[in-house]
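Let me begin by handing over the structure; questions about it come next.
Read from first to last, the chains carry the letters A, B, C, D, E and F; within each, the first residue is number 1.
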Amino acid sequence: MSFLGGRSNANASAVNYDKMEMAVTELDTVTDFFNRMVSSCYTKCVGGRYPADGDLNKGESVCIDKCVAKYNEVQKKVGEKLQSRGAAAQASGAAPGSGSAFGSL
Amino acid sequence: MSFLGGRSNANASAVNYDKMEMAVTELDTVTDFFNRMVSSCYTKCVGGRYPADGDLNKGESVCIDKCVAKYNEVQKKVGEKLQSRGAAAQASGAAPGSGSAFGSL
Amino acid sequence: MSFLGGRSNANASAVNYDKMEMAVTELDTVTDFFNRMVSSCYTKCVGGRYPADGDLNKGESVCIDKCVAKYNEVQKKVGEKLQSRGAAAQASGAAPGSGSAFGSL
Amino acid sequence: IEKKQMQDFLKMYANIVEKCFTTCCNDFTSKALSSKEDACVANCTEKWLKHSERVGARFAEFNAEQASQ
Amino acid sequence: IEKKQMQDFLKMYANIVEKCFTTCCNDFTSKALSSKEDACVANCTEKWLKHSERVGARFAEFNAEQASQ
Amino acid sequence: IEKKQMQDFLKMYANIVEKCFTTCCNDFTSKALSSKEDACVANCTEKWLKHSERVGARFAEFNAEQASQ
(Lines give C-alpha, C1' and ligand atoms only; values in the text may rest on other atoms or scores of the structure.)
Protein backbone atom coordinates (compact mmCIF):
# COMPACT_ATOMS: atom_id res chain seq x y z
CA MET A 1 0.00 0.00 0.00
CA SER A 2 2.83 2.32 0.77
CA PHE A 3 3.61 2.08 -2.89
CA LEU A 4 0.76 4.38 -3.85
CA GLY A 5 1.24 6.56 -0.82
CA GLY A 6 -2.31 6.42 0.50
CA ARG A 7 -3.83 5.37 3.78
CA SER A 8 -6.42 2.73 4.44
CA ASN A 9 -10.00 3.95 4.63
CA ALA A 10 -12.64 2.24 6.70
CA ASN A 11 -15.38 3.38 4.32
CA ALA A 12 -14.08 1.36 1.44
CA SER A 13 -15.76 -1.95 0.85
CA ALA A 14 -13.66 -5.01 1.42
CA VAL A 15 -14.34 -6.28 -2.07
CA ASN A 16 -13.01 -3.24 -3.88
CA TYR A 17 -10.10 -3.09 -1.52
CA ASP A 18 -9.07 -6.60 -2.38
CA LYS A 19 -9.37 -6.04 -6.09
CA MET A 20 -7.26 -2.93 -6.04
CA GLU A 21 -4.79 -4.44 -3.67
CA MET A 22 -4.35 -7.18 -6.22
CA ALA A 23 -3.97 -4.83 -9.12
CA VAL A 24 -1.59 -2.56 -7.30
CA THR A 25 0.67 -5.25 -6.05
CA GLU A 26 0.79 -6.84 -9.45
CA LEU A 27 4.36 -6.96 -10.54
CA ASP A 28 3.59 -5.22 -13.81
CA THR A 29 2.39 -2.08 -12.11
CA VAL A 30 5.29 -1.82 -9.72
CA THR A 31 7.73 -2.49 -12.53
CA ASP A 32 6.10 0.19 -14.67
CA PHE A 33 6.26 2.80 -11.90
CA PHE A 34 9.84 1.88 -11.11
CA ASN A 35 10.96 1.99 -14.73
CA ARG A 36 9.47 5.43 -15.17
CA MET A 37 11.28 6.65 -12.07
CA VAL A 38 14.56 5.24 -13.36
CA SER A 39 14.06 6.97 -16.72
CA SER A 40 12.94 10.29 -15.24
CA CYS A 41 15.83 10.47 -12.77
CA TYR A 42 18.27 9.43 -15.48
CA THR A 43 17.09 12.34 -17.61
CA LYS A 44 17.27 14.79 -14.71
CA CYS A 45 20.56 13.65 -13.18
CA VAL A 46 22.72 11.71 -15.62
CA GLY A 47 21.49 11.55 -19.19
CA GLY A 48 22.31 13.43 -22.32
CA ARG A 49 25.88 14.23 -21.51
CA TYR A 50 28.63 12.26 -23.18
CA PRO A 51 29.89 10.08 -20.31
CA ALA A 52 33.52 10.65 -19.30
CA ASP A 53 33.70 7.31 -17.52
CA GLY A 54 31.48 4.53 -16.25
CA ASP A 55 31.03 5.82 -12.71
CA LEU A 56 28.40 8.04 -11.21
CA ASN A 57 30.14 11.15 -9.94
CA LYS A 58 29.34 12.78 -6.60
CA GLY A 59 26.90 15.30 -8.05
CA GLU A 60 25.02 12.67 -9.99
CA SER A 61 24.77 10.38 -6.97
CA VAL A 62 23.40 13.11 -4.74
CA CYS A 63 21.00 14.17 -7.45
CA ILE A 64 19.69 10.61 -7.84
CA ASP A 65 18.99 10.29 -4.12
CA LYS A 66 16.96 13.51 -4.03
CA CYS A 67 15.31 12.65 -7.31
CA VAL A 68 13.96 9.34 -6.01
CA ALA A 69 12.70 11.07 -2.86
CA LYS A 70 10.94 13.77 -4.87
CA TYR A 71 9.52 11.32 -7.35
CA ASN A 72 7.97 9.38 -4.50
CA GLU A 73 6.60 12.60 -3.04
CA VAL A 74 5.01 13.54 -6.34
CA GLN A 75 3.50 10.08 -6.53
CA LYS A 76 1.90 10.56 -3.13
CA LYS A 77 0.59 14.03 -3.98
CA VAL A 78 -0.91 12.93 -7.26
CA GLY A 79 -2.41 9.87 -5.60
CA GLU A 80 -4.06 12.03 -2.92
CA LYS A 81 -5.35 14.42 -5.55
CA LEU A 82 -6.87 11.62 -7.63
CA GLN A 83 -8.36 10.19 -4.48
CA SER A 84 -9.97 13.45 -3.43
CA ARG A 85 -11.29 13.99 -6.91
CA GLY A 86 -12.78 10.51 -7.03
CA ALA A 87 -10.96 9.85 -10.25
CA ALA A 88 -10.79 6.17 -9.50
CA ALA A 89 -14.55 6.03 -9.02
CA GLN A 90 -15.01 7.73 -12.37
CA ALA A 91 -12.52 5.52 -14.06
CA SER A 92 -14.13 2.40 -12.72
CA GLY A 93 -17.53 3.52 -13.89
CA ALA A 94 -19.01 3.97 -10.45
CA ALA A 95 -21.04 7.08 -9.78
CA PRO A 96 -18.57 9.88 -9.08
CA GLY A 97 -18.41 10.74 -5.43
CA SER A 98 -20.45 7.70 -4.52
CA GLY A 99 -17.74 5.63 -3.02
CA SER A 100 -14.10 5.73 -2.39
CA ALA A 101 -12.66 2.73 -4.01
CA PHE A 102 -9.45 4.65 -4.31
CA GLY A 103 -9.70 5.71 -0.69
CA SER A 104 -8.68 2.25 0.21
CA LEU A 105 -5.31 2.60 -1.35
CA MET B 1 -15.37 1.72 -38.07
CA SER B 2 -15.51 5.46 -37.85
CA PHE B 3 -12.63 5.13 -35.47
CA LEU B 4 -10.17 4.40 -38.24
CA GLY B 5 -11.83 6.77 -40.63
CA GLY B 6 -12.30 4.35 -43.52
CA ARG B 7 -15.27 3.13 -45.49
CA SER B 8 -16.51 -0.40 -46.00
CA ASN B 9 -15.33 -2.11 -49.14
CA ALA B 10 -17.35 -4.78 -50.90
CA ASN B 11 -14.17 -6.44 -52.20
CA ALA B 12 -12.97 -7.41 -48.78
CA SER B 13 -13.74 -10.92 -47.70
CA ALA B 14 -16.14 -11.29 -44.82
CA VAL B 15 -13.63 -13.29 -42.83
CA ASN B 16 -10.92 -10.67 -42.88
CA TYR B 17 -13.46 -8.01 -42.19
CA ASP B 18 -14.62 -9.72 -39.06
CA LYS B 19 -11.14 -10.32 -37.80
CA MET B 20 -10.11 -6.74 -38.28
CA GLU B 21 -13.35 -5.44 -36.92
CA MET B 22 -12.58 -7.41 -33.80
CA ALA B 23 -9.05 -6.19 -33.52
CA VAL B 24 -9.98 -2.60 -34.17
CA THR B 25 -12.78 -2.47 -31.69
CA GLU B 26 -10.67 -4.11 -29.08
CA LEU B 27 -10.50 -1.84 -26.12
CA ASP B 28 -6.72 -1.90 -26.09
CA THR B 29 -6.46 -0.34 -29.50
CA VAL B 30 -8.95 2.41 -28.85
CA THR B 31 -7.32 3.16 -25.53
CA ASP B 32 -3.90 3.33 -27.15
CA PHE B 33 -5.07 5.72 -29.88
CA PHE B 34 -6.89 7.85 -27.33
CA ASN B 35 -3.95 8.02 -24.95
CA ARG B 36 -1.63 9.12 -27.74
CA MET B 37 -4.09 11.87 -28.69
CA VAL B 38 -4.27 13.03 -25.08
CA SER B 39 -0.49 13.13 -24.85
CA SER B 40 0.04 14.82 -28.21
CA CYS B 41 -2.54 17.52 -27.55
CA TYR B 42 -1.19 18.07 -24.06
CA THR B 43 2.24 18.70 -25.54
CA LYS B 44 0.87 21.03 -28.22
CA CYS B 45 -1.62 22.97 -26.07
CA VAL B 46 -0.86 22.75 -22.37
CA GLY B 47 2.37 21.03 -21.42
CA GLY B 48 5.78 22.24 -20.55
CA ARG B 49 4.76 25.50 -19.00
CA TYR B 50 4.76 25.85 -15.24
CA PRO B 51 1.02 25.90 -14.48
CA ALA B 52 -0.26 29.10 -12.86
CA ASP B 53 -3.40 27.38 -11.63
CA GLY B 54 -5.39 24.19 -12.08
CA ASP B 55 -7.74 25.45 -14.78
CA LEU B 56 -7.49 25.33 -18.52
CA ASN B 57 -7.46 28.91 -19.77
CA LYS B 58 -9.40 30.08 -22.81
CA GLY B 59 -6.49 29.69 -25.22
CA GLU B 60 -5.71 26.20 -24.03
CA SER B 61 -9.35 25.11 -24.29
CA VAL B 62 -9.68 26.38 -27.85
CA CYS B 63 -6.37 24.79 -28.76
CA ILE B 64 -7.48 21.42 -27.39
CA ASP B 65 -10.69 21.44 -29.43
CA LYS B 66 -8.85 22.13 -32.69
CA CYS B 67 -6.12 19.71 -31.74
CA VAL B 68 -8.54 16.82 -31.33
CA ALA B 69 -10.18 17.68 -34.66
CA LYS B 70 -6.82 17.80 -36.45
CA TYR B 71 -5.57 14.64 -34.79
CA ASN B 72 -8.64 12.80 -36.04
CA GLU B 73 -8.09 14.25 -39.53
CA VAL B 74 -4.51 13.06 -39.55
CA GLN B 75 -5.69 9.64 -38.47
CA LYS B 76 -8.07 9.48 -41.40
CA LYS B 77 -5.46 10.66 -43.89
CA VAL B 78 -2.86 8.20 -42.70
CA GLY B 79 -5.44 5.41 -42.71
CA GLU B 80 -6.40 6.18 -46.31
CA LYS B 81 -2.76 6.34 -47.31
CA LEU B 82 -2.01 2.97 -45.73
CA GLN B 83 -5.10 1.56 -47.37
CA SER B 84 -4.16 2.77 -50.84
CA ARG B 85 -0.65 1.49 -50.39
CA GLY B 86 -1.85 -1.91 -49.25
CA ALA B 87 0.27 -1.66 -46.19
CA ALA B 88 -2.07 -3.89 -44.27
CA ALA B 89 -1.79 -6.58 -46.88
CA GLN B 90 1.98 -6.40 -46.63
CA ALA B 91 1.89 -6.40 -42.88
CA SER B 92 -0.37 -9.42 -42.82
CA GLY B 93 1.90 -11.32 -45.13
CA ALA B 94 -0.50 -11.37 -48.07
CA ALA B 95 0.85 -10.58 -51.50
CA PRO B 96 1.07 -6.79 -51.75
CA GLY B 97 -1.67 -5.37 -53.86
CA SER B 98 -3.45 -8.70 -53.99
CA GLY B 99 -6.29 -7.93 -51.68
CA SER B 100 -7.60 -5.17 -49.58
CA ALA B 101 -7.88 -6.47 -46.12
CA PHE B 102 -7.44 -2.93 -44.95
CA GLY B 103 -9.99 -1.73 -47.42
CA SER B 104 -12.62 -3.15 -45.18
CA LEU B 105 -11.82 -0.75 -42.42
CA MET C 1 20.95 -15.94 -31.42
CA SER C 2 22.65 -13.55 -33.75
CA PHE C 3 19.91 -11.17 -32.79
CA LEU C 4 21.47 -10.45 -29.43
CA GLY C 5 24.97 -10.54 -30.80
CA GLY C 6 26.37 -13.12 -28.41
CA ARG C 7 28.05 -16.46 -28.87
CA SER C 8 26.99 -19.81 -27.47
CA ASN C 9 28.69 -20.81 -24.28
CA ALA C 10 29.36 -24.41 -23.34
CA ASN C 11 29.12 -23.57 -19.64
CA ALA C 12 25.50 -22.61 -19.80
CA SER C 13 23.03 -25.27 -18.80
CA ALA C 14 20.82 -26.61 -21.54
CA VAL C 15 17.70 -25.74 -19.60
CA ASN C 16 18.49 -22.07 -19.25
CA TYR C 17 19.62 -21.94 -22.82
CA ASP C 18 16.32 -23.26 -24.04
CA LYS C 19 14.31 -20.88 -21.91
CA MET C 20 16.22 -17.87 -23.06
CA GLU C 21 16.25 -19.03 -26.62
CA MET C 22 12.49 -19.12 -26.40
CA ALA C 23 12.19 -15.71 -24.84
CA VAL C 24 14.63 -14.14 -27.23
CA THR C 25 13.11 -15.54 -30.34
CA GLU C 26 9.66 -14.59 -29.19
CA LEU C 27 8.18 -12.33 -31.75
CA ASP C 28 7.39 -9.65 -29.19
CA THR C 29 11.01 -9.15 -28.31
CA VAL C 30 12.25 -8.98 -31.87
CA THR C 31 9.44 -6.62 -32.78
CA ASP C 32 10.25 -4.37 -29.82
CA PHE C 33 13.95 -4.21 -30.72
CA PHE C 34 13.14 -3.57 -34.35
CA ASN C 35 10.60 -0.85 -33.60
CA ARG C 36 13.09 0.97 -31.40
CA MET C 37 15.67 0.82 -34.18
CA VAL C 38 13.17 2.20 -36.67
CA SER C 39 12.29 5.05 -34.31
CA SER C 40 15.87 5.85 -33.36
CA CYS C 41 17.09 5.90 -36.95
CA TYR C 42 14.10 7.97 -38.01
CA THR C 43 15.00 10.55 -35.39
CA LYS C 44 18.67 10.56 -36.41
CA CYS C 45 18.23 10.48 -40.20
CA VAL C 46 14.80 11.65 -41.29
CA GLY C 47 12.55 13.04 -38.58
CA GLY C 48 11.69 16.48 -37.41
CA ARG C 49 12.11 18.25 -40.70
CA TYR C 50 9.04 19.23 -42.67
CA PRO C 51 9.14 16.72 -45.55
CA ALA C 52 9.51 18.26 -49.03
CA ASP C 53 8.24 15.11 -50.69
CA GLY C 54 7.51 11.46 -49.96
CA ASP C 55 10.87 10.04 -50.98
CA LEU C 56 14.00 9.36 -49.00
CA ASN C 57 16.75 11.52 -50.45
CA LYS C 58 20.29 10.26 -51.00
CA GLY C 59 21.62 11.60 -47.71
CA GLU C 60 18.79 10.10 -45.73
CA SER C 61 19.18 6.70 -47.40
CA VAL C 62 22.90 6.56 -46.71
CA CYS C 63 22.32 7.70 -43.16
CA ILE C 64 19.73 4.96 -42.57
CA ASP C 65 22.11 2.24 -43.78
CA LYS C 66 24.87 3.35 -41.42
CA CYS C 67 22.39 3.91 -38.64
CA VAL C 68 21.13 0.33 -38.78
CA ALA C 69 24.70 -0.96 -38.81
CA LYS C 70 25.65 1.15 -35.80
CA TYR C 71 22.50 0.31 -33.90
CA ASN C 72 23.28 -3.37 -34.31
CA GLU C 73 26.84 -2.74 -33.16
CA VAL C 74 25.62 -0.95 -30.06
CA GLN C 75 23.29 -3.84 -29.38
CA LYS C 76 26.19 -6.27 -29.50
CA LYS C 77 28.39 -4.11 -27.27
CA VAL C 78 25.70 -3.61 -24.66
CA GLY C 79 24.87 -7.33 -24.77
CA GLU C 80 28.52 -8.25 -24.17
CA LYS C 81 28.75 -5.73 -21.36
CA LEU C 82 25.64 -7.09 -19.64
CA GLN C 83 26.97 -10.60 -20.14
CA SER C 84 30.34 -9.83 -18.58
CA ARG C 85 28.67 -8.06 -15.70
CA GLY C 86 26.31 -10.96 -15.08
CA ALA C 87 23.39 -8.60 -15.23
CA ALA C 88 21.11 -11.36 -16.42
CA ALA C 89 22.03 -13.48 -13.43
CA GLN C 90 21.19 -10.57 -11.14
CA ALA C 91 17.99 -9.84 -12.94
CA SER C 92 16.90 -13.44 -12.72
CA GLY C 93 17.58 -13.52 -9.01
CA ALA C 94 20.51 -15.90 -9.23
CA ALA C 95 23.60 -15.15 -7.20
CA PRO C 96 25.65 -12.64 -9.19
CA GLY C 97 28.63 -14.21 -10.79
CA SER C 98 27.38 -17.68 -10.01
CA GLY C 99 26.31 -18.73 -13.43
CA SER C 100 26.14 -17.47 -16.89
CA ALA C 101 22.60 -17.78 -18.00
CA PHE C 102 23.25 -14.82 -20.23
CA GLY C 103 26.43 -16.42 -21.49
CA SER C 104 24.26 -18.71 -23.53
CA LEU C 105 22.90 -15.92 -25.64
CA ILE D 1 -13.17 -5.57 -17.93
CA GLU D 2 -12.91 -4.24 -14.41
CA LYS D 3 -9.29 -5.30 -14.35
CA LYS D 4 -8.79 -3.40 -17.61
CA GLN D 5 -10.30 -0.25 -16.09
CA MET D 6 -8.04 -0.53 -13.10
CA GLN D 7 -5.04 -0.91 -15.40
CA ASP D 8 -6.08 2.11 -17.43
CA PHE D 9 -6.45 4.09 -14.25
CA LEU D 10 -3.04 3.03 -12.98
CA LYS D 11 -1.51 3.93 -16.32
CA MET D 12 -3.09 7.37 -16.23
CA TYR D 13 -1.84 7.75 -12.67
CA ALA D 14 1.70 6.81 -13.72
CA ASN D 15 1.50 9.18 -16.70
CA ILE D 16 0.46 12.13 -14.55
CA VAL D 17 3.23 11.44 -12.06
CA GLU D 18 5.79 11.28 -14.85
CA LYS D 19 4.59 14.40 -16.69
CA CYS D 20 4.11 16.55 -13.59
CA PHE D 21 7.39 15.46 -12.07
CA THR D 22 9.17 16.39 -15.31
CA THR D 23 7.40 19.76 -15.49
CA CYS D 24 7.61 20.74 -11.84
CA CYS D 25 10.80 19.30 -10.35
CA ASN D 26 14.08 20.73 -11.50
CA ASP D 27 15.92 21.38 -8.28
CA PHE D 28 17.59 18.37 -6.73
CA THR D 29 19.45 19.99 -3.88
CA SER D 30 16.77 19.05 -1.37
CA LYS D 31 14.75 15.89 -0.77
CA ALA D 32 11.45 17.57 0.04
CA LEU D 33 9.19 19.28 -2.46
CA SER D 34 9.38 23.07 -2.16
CA SER D 35 6.06 24.87 -1.72
CA LYS D 36 6.39 26.08 -5.28
CA GLU D 37 6.90 22.55 -6.57
CA ASP D 38 4.07 21.32 -4.41
CA ALA D 39 1.64 23.86 -5.88
CA CYS D 40 2.91 23.07 -9.35
CA VAL D 41 2.21 19.36 -8.94
CA ALA D 42 -1.32 20.07 -7.67
CA ASN D 43 -2.07 22.43 -10.57
CA CYS D 44 -0.43 20.16 -13.09
CA THR D 45 -2.50 17.17 -11.97
CA GLU D 46 -5.71 19.20 -12.02
CA LYS D 47 -4.90 20.52 -15.49
CA TRP D 48 -4.08 17.10 -16.86
CA LEU D 49 -7.40 15.71 -15.63
CA LYS D 50 -9.35 18.61 -17.12
CA HIS D 51 -7.39 18.32 -20.35
CA SER D 52 -8.04 14.61 -20.51
CA GLU D 53 -11.76 15.09 -19.90
CA ARG D 54 -11.99 17.73 -22.62
CA VAL D 55 -10.19 15.56 -25.15
CA GLY D 56 -12.50 12.71 -24.23
CA ALA D 57 -15.59 14.87 -24.74
CA ARG D 58 -14.44 16.13 -28.15
CA PHE D 59 -13.43 12.63 -29.19
CA ALA D 60 -16.85 11.26 -28.23
CA GLU D 61 -18.55 14.02 -30.25
CA PHE D 62 -16.39 13.22 -33.23
CA ASN D 63 -17.19 9.53 -33.04
CA ALA D 64 -20.91 10.22 -32.71
CA GLU D 65 -20.73 12.48 -35.78
CA GLN D 66 -18.87 9.85 -37.80
CA ALA D 67 -21.30 7.13 -36.78
CA SER D 68 -24.29 9.21 -37.90
CA GLN D 69 -22.86 9.89 -41.34
CA ILE E 1 -0.09 -15.05 -35.08
CA GLU E 2 -2.53 -13.26 -37.35
CA LYS E 3 -3.76 -11.33 -34.36
CA LYS E 4 -0.17 -10.39 -33.59
CA GLN E 5 0.32 -9.09 -37.14
CA MET E 6 -2.83 -7.03 -36.86
CA GLN E 7 -1.62 -5.59 -33.58
CA ASP E 8 1.77 -4.76 -35.08
CA PHE E 9 0.05 -3.08 -37.97
CA LEU E 10 -2.20 -1.04 -35.68
CA LYS E 11 0.81 -0.02 -33.61
CA MET E 12 2.64 1.12 -36.71
CA TYR E 13 -0.47 3.01 -37.76
CA ALA E 14 -0.70 4.72 -34.37
CA ASN E 15 3.02 5.54 -34.49
CA ILE E 16 2.77 7.18 -37.90
CA VAL E 17 -0.23 9.24 -36.84
CA GLU E 18 1.59 10.41 -33.73
CA LYS E 19 4.87 11.24 -35.48
CA CYS E 20 3.33 12.93 -38.49
CA PHE E 21 0.87 14.91 -36.40
CA THR E 22 3.74 16.14 -34.24
CA THR E 23 5.84 17.04 -37.27
CA CYS E 24 3.13 18.60 -39.42
CA CYS E 25 0.55 20.25 -37.17
CA ASN E 26 1.55 23.33 -35.27
CA ASP E 27 -1.25 25.74 -35.94
CA PHE E 28 -4.34 25.26 -33.81
CA THR E 29 -6.39 28.26 -34.86
CA SER E 30 -8.45 26.21 -37.29
CA LYS E 31 -10.07 22.78 -37.08
CA ALA E 32 -9.33 21.66 -40.62
CA LEU E 33 -5.93 20.65 -41.94
CA SER E 34 -4.43 23.37 -44.14
CA SER E 35 -3.31 22.25 -47.61
CA LYS E 36 0.26 22.57 -46.39
CA GLU E 37 -0.41 20.35 -43.41
CA ASP E 38 -2.29 17.92 -45.59
CA ALA E 39 0.65 17.56 -47.98
CA CYS E 40 3.01 17.26 -45.05
CA VAL E 41 1.03 14.38 -43.57
CA ALA E 42 0.98 12.56 -46.91
CA ASN E 43 4.73 12.99 -47.42
CA CYS E 44 5.50 12.17 -43.83
CA THR E 45 3.51 8.92 -44.01
CA GLU E 46 5.14 7.94 -47.29
CA LYS E 47 8.58 8.69 -45.90
CA TRP E 48 7.97 6.73 -42.74
CA LEU E 49 6.90 3.68 -44.71
CA LYS E 50 9.93 3.88 -46.99
CA HIS E 51 12.19 4.43 -44.02
CA SER E 52 10.68 1.48 -42.22
CA GLU E 53 11.11 -0.77 -45.27
CA ARG E 54 14.72 0.26 -45.68
CA VAL E 55 15.53 -0.40 -42.04
CA GLY E 56 13.82 -3.77 -42.36
CA ALA E 57 15.88 -4.67 -45.44
CA ARG E 58 19.19 -3.71 -43.80
CA PHE E 59 18.23 -5.51 -40.60
CA ALA E 60 17.40 -8.69 -42.54
CA GLU E 61 20.75 -8.52 -44.33
CA PHE E 62 22.53 -8.09 -41.03
CA ASN E 63 20.75 -11.07 -39.51
CA ALA E 64 21.50 -13.23 -42.54
CA GLU E 65 25.19 -12.26 -42.30
CA GLN E 66 25.33 -13.07 -38.60
CA ALA E 67 23.61 -16.40 -39.10
CA SER E 68 26.10 -17.42 -41.79
CA GLN E 69 29.14 -16.67 -39.63
CA ILE F 1 7.55 -15.42 -12.92
CA GLU F 2 10.79 -16.48 -14.52
CA LYS F 3 9.39 -15.48 -17.86
CA LYS F 4 8.51 -12.09 -16.38
CA GLN F 5 12.08 -11.63 -15.14
CA MET F 6 13.42 -12.49 -18.56
CA GLN F 7 11.06 -9.96 -20.12
CA ASP F 8 12.11 -7.27 -17.64
CA PHE F 9 15.71 -8.02 -18.42
CA LEU F 10 15.14 -7.82 -22.17
CA LYS F 11 13.28 -4.56 -21.73
CA MET F 12 16.13 -3.09 -19.72
CA TYR F 13 18.54 -4.32 -22.39
CA ALA F 14 16.48 -2.65 -25.13
CA ASN F 15 16.27 0.56 -23.07
CA ILE F 16 20.02 0.74 -22.58
CA VAL F 17 20.66 0.16 -26.27
CA GLU F 18 18.21 2.89 -27.20
CA LYS F 19 19.47 5.46 -24.68
CA CYS F 20 23.16 4.84 -25.26
CA PHE F 21 22.77 4.78 -29.02
CA THR F 22 20.96 8.13 -28.84
CA THR F 23 23.59 9.63 -26.56
CA CYS F 24 26.69 8.24 -28.23
CA CYS F 25 26.05 7.94 -31.97
CA ASN F 26 25.70 11.10 -33.97
CA ASP F 27 27.96 10.52 -36.93
CA PHE F 28 26.49 8.42 -39.71
CA THR F 29 29.20 8.72 -42.32
CA SER F 30 30.70 5.36 -41.37
CA LYS F 31 29.19 1.97 -40.55
CA ALA F 32 31.58 1.03 -37.77
CA LEU F 33 31.57 2.56 -34.29
CA SER F 34 34.48 4.98 -33.82
CA SER F 35 36.69 4.33 -30.81
CA LYS F 36 35.12 7.36 -29.17
CA GLU F 37 31.62 6.03 -29.74
CA ASP F 38 32.70 2.62 -28.55
CA ALA F 39 34.03 4.00 -25.27
CA CYS F 40 30.91 6.12 -24.90
CA VAL F 41 28.64 3.10 -25.24
CA ALA F 42 30.66 1.16 -22.65
CA ASN F 43 30.58 4.05 -20.17
CA CYS F 44 26.96 4.79 -20.86
CA THR F 45 25.95 1.18 -20.21
CA GLU F 46 27.96 1.04 -17.01
CA LYS F 47 26.47 4.32 -15.83
CA TRP F 48 22.92 3.23 -16.58
CA LEU F 49 23.39 0.04 -14.59
CA LYS F 50 24.85 1.90 -11.63
CA HIS F 51 22.12 4.50 -11.86
CA SER F 52 19.45 1.84 -11.98
CA GLU F 53 20.93 0.05 -8.96
CA ARG F 54 21.08 3.26 -6.96
CA VAL F 55 17.48 4.16 -7.76
CA GLY F 56 16.48 0.63 -6.76
CA ALA F 57 18.30 0.89 -3.45
CA ARG F 58 16.73 4.26 -2.56
CA PHE F 59 13.31 3.03 -3.64
CA ALA F 60 13.63 -0.05 -1.45
CA GLU F 61 14.62 2.13 1.53
CA PHE F 62 11.65 4.38 0.91
CA ASN F 63 9.25 1.43 0.76
CA ALA F 64 10.70 -0.07 3.94
CA GLU F 65 10.26 3.30 5.69
CA GLN F 66 6.67 3.61 4.54
CA ALA F 67 5.85 0.08 5.58
CA SER F 68 7.18 0.68 9.08
CA GLN F 69 5.12 3.82 9.64
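Methods note: contacts are C-beta pairs under 8 Å (C-beta built on N, C-alpha and C of every residue); 3 or more make two chains touch, one makes a residue touch a chain.
As the structure is a prediction and not an experimental result, all values here were calculated from the model.
Undergrad: Please flag the chain sitting at the greatest distance from chain E, going by CA centroids.
TA: A
Undergrad: If over half the contact pairs have to be identical by residue number, which pair among A-D, C-F or A-F is the repeat of C-E?
TA: The same interface as C-E is formed by A-F.
Undergrad: Averaging only over C-alpha atoms, locate the centres of chain B and chain E and give their separation in whole Å.
TA: For chain B versus chain E, the centre distance works out to 13 Å.
Undergrad: What is the distance in Å between the mean C-alpha positions of chain E and chain F?
TA: About 27 Å separates the centre of chain E from that of chain F.
Undergrad: Please set out, as single numbers or ranges, the residues of chain F touching at least two other chains.
TA: 8, 11, 24, 42, 45-46
Undergrad: Do you know which chain B residues sit against two or more other chains?
TA: 45, 65, 67, 69
Undergrad: Quick one: ring order starting at chain A, direction chain D?
TA: Read from chain A toward chain D, the cyclic arrangement is A, D, B, E, C, F.
Undergrad: Report the residues of chain A in contact with chain D in the complex, numbered from low to high.
TA: Residues 4, 19-20, 23-24, 29, 32-33, 36, 40, 43-45, 62-63, 65-67, 69-71, 73-75, 77-79, 81-82, 85, 87-88, 91-93 of chain A touch chain D in their complex.
Undergrad: So in the complex, the part of chain E that touches chain B is made up of which residues?
TA: Checking each residue of chain E against chain B gives 2-3, 5-14, 16-18, 20-22, 24-26, 28-33, 37-38, 41-42, 45-46, 49.
Undergrad: Considering only the defined contacts, which chain A positions touch chain F in the complex?
TA: 2-3, 5, 27, 31, 34-35, 37-39, 41-42, 45-56, 60-61, 64-65, 67-69, 72
Undergrad: Which residues of chain E touch chain C in their complex?
TA: The touching residues are 1, 4, 8, 11, 15, 19, 23-24, 40, 42-48, 50-52, 54-56, 58-59, 62-63, 66-67, 69.
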